[in-house]
Amino acid sequence: MPNRKVSSKIVKTFKKIGWASYVSGLNTSHSGNMSIRQGDKIHITRRGAMKGFLEPADIVTISLKPSDRDKLASSEARIHRAIYNKTNARAVMHCHPLMATVLSLKQDKIVPLDVEGNWLLPEIPVLECREPTGSDELARKLSALFTRYKAAIVRSHGVFAIGETLDEAFRCVAVIEHSAWIIYDSR
Amino acid sequence: MPNRKVSSKIVKTFKKIGWASYVSGLNTSHSGNMSIRQGDKIHITRRGAMKGFLEPADIVTISLKPSDRDKLASSEARIHRAIYNKTNARAVMHCHPLMATVLSLKQDKIVPLDVEGNWLLPEIPVLECREPTGSDELARKLSALFTRYKAAIVRSHGVFAIGETLDEAFRCVAVIEHSAWIIYDSR
Amino acid sequence: MPNRKVSSKIVKTFKKIGWASYVSGLNTSHSGNMSIRQGDKIHITRRGAMKGFLEPADIVTISLKPSDRDKLASSEARIHRAIYNKTNARAVMHCHPLMATVLSLKQDKIVPLDVEGNWLLPEIPVLECREPTGSDELARKLSALFTRYKAAIVRSHGVFAIGETLDEAFRCVAVIEHSAWIIYDSR
Amino acid sequence: MPNRKVSSKIVKTFKKIGWASYVSGLNTSHSGNMSIRQGDKIHITRRGAMKGFLEPADIVTISLKPSDRDKLASSEARIHRAIYNKTNARAVMHCHPLMATVLSLKQDKIVPLDVEGNWLLPEIPVLECREPTGSDELARKLSALFTRYKAAIVRSHGVFAIGETLDEAFRCVAVIEHSAWIIYDSR
């Protein structure tokens, strides 16, 4: 059943960014999730959607306050909600890029060497992740970082980024992964 | 000649997962195979199909018991059949991902370091493969592993995974390969 | 609002080369830019376009002389303009390929080892980049190289290449990256 | 001007295999070429075609004997012709895969470690390439190998493979590259 609360323009954006994240290897089959805030609504990918092959029914709409509908949404919906409640972000992108994850295992931050990475994200913090990925505790800690940063890495898990638009949030993820590869391969 | 025993929904799923496995590099041109169980029927990719570019005629339907039709199916059909006869799996995915294969050459199991890999598949066993890939002996040994595991690697060959759906089985393969790269690149 | 100064043939070329650069990993989500010269007009990707998913409105037309319209174009438009003013190039392609960027960190030029690279581009110079990427100074230094070379790398930034057509300019970028990987992996 | 000597089925095959070679990274923008023999005709990609984005006009038809039309065809057409004149091949695929090329720099043959590679191509010879890639001398030496092998690597250049069909020839290239990566990454 398609979600009537979502405009076809938003569906198109989700499909484009989802496919862009898959074909470039920033997500694997089911990894990651993404959302767009519209007023007090959050449009977010549903639990277990294949990000590279999104259908309209894969986008669910939840509220800025927890409700029963949350169980349909990605298990990391509370991270997205915490970020929206604490910042002016209009979109959140979460991916599982390989090299950002690899570097996060041994570093507390990533500092890009390349011009574009350094200009867009001079420093990307790594957050220790001892709590389950869907926990309130992780949501609290991670969202706190977004008052100062546009993107952060959860150790051994993946990247979260925010933006005025989903394109912009996705761009941060892509730039981080590119910078991570440049760091790794130039060692 | 298209296969009338297969619904258009199943054809769509095969095409999607086949393309997803190819574009992400989990399969090369003709590698791998996949199947869905429906009652006492097994819908499986035919011998020599290009998984990234499946057509309806590339899906053949065989029975849970061996028959003459088997010669049309993938040469590894007997592995799929053995798994269905021994477990509750509704789908089987087999791919040739690079890094899982590389690690299998020197390890007896893979233990993911990343959060998602560790949560979905805390341990992936590697099976020694001295028998031909289409042999009954390999089918017997490999299917036995699926009473305890959702996925296993055949040494120097590739990954097999099961699921309630083909999406779910594919997800296991994708997660294993992602975890394998994280292990390899973080050494 | 689509750009009426651009023919549908040129739009098709931009879309093809943009997608080709994205799917092969030569650009990340928003990186790079490309242009085609037509008389005293330059058709160029707009600021912040996703190169893999270009729409007609993502192509803006500026003049060989600076004007107010420049603010719509890519921030590196002045590099494209400087190249057109100094050479006979009909197209300019700029990408952020990983390995060419990595090698540029420590080398002053790239000399391909493979047959095709060596035949097309026997030597690719690396330009030090102390100026902002959109500066006149960088545009002056970089365009000067194109009187002798078909392609050049801006250190820690990316590759610029010229051609009679956009296909040809893109080919140079692709060949450089392929040659860079062969150099890196054969060490 | 589309080529009327080519059936739509053959065009479809060229497009599929060309795209498959590009999206999997076995070819870069303009690298490689492919052909199908039909009686005394050879359908082959034209000089400078983008293999991932073939149009009907990108396929030219030449004869088993040299003629004026050859100048439209790929510069390596004489290698294809020499192979058809010396073997029963119905198709030839040539790609520039990265790792097969890297290994060719230092090895005289590739011996796959993985099951599929070992089964399909137990040994792939590397041919020294001192002659220009379009020369008669290289065509003579390379075609001679195809009386014993299904595939061969020209040092620092790329892979040639033959088959009953273009799918089959492409499969050989894909399997070689997969095997080459397994060898390289397991060192």
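In order of appearance the chains are A, B, C and D, and numbering begins at 1 in each one.
Going forward, a contact is a pair of C-beta atoms (placed from the backbone, for glycine too) under 8 Å apart; a residue touches a chain by one contact, two chains touch by 3 or more.
Only a predicted model underlies this, so the values are computations on that prediction, with no experimental measurement involved.
Under half of the residue numbers at the interface between copies chain C and chain D are found on both sides, making the touching surfaces mostly different. When every chain is reduced to the mean of its CA atoms, the largest separation from chain C belongs to B.
When chain A is laid over chain B using CA atoms, the rotation angle comes to 90 degrees (nearest 5). Averaging C-alpha coordinates per chain places the centre of chain C 29 Å away from that of chain D.
Centre-to-centre separation between chain A and chain D, using Cα means, comes to 42 Å.
The set of chain C residues that touch two or more partner chains comprises 23. The list of touching chain pairs reads A-B, A-C, B-D, C-D.
Listing the residues of chain D that touch chain C in their complex gives 22-23, 25, 28-31, 48, 50, 52-53, 96, 98-99, 101-102, 105-106, 129, 133, 154, 156-158, 184.
The residues of chain C lying in touch with chain D in their complex are 16, 20, 23-24, 113-116, 167, 170-171, 173-175, 177-178, 181-182, 185-186.
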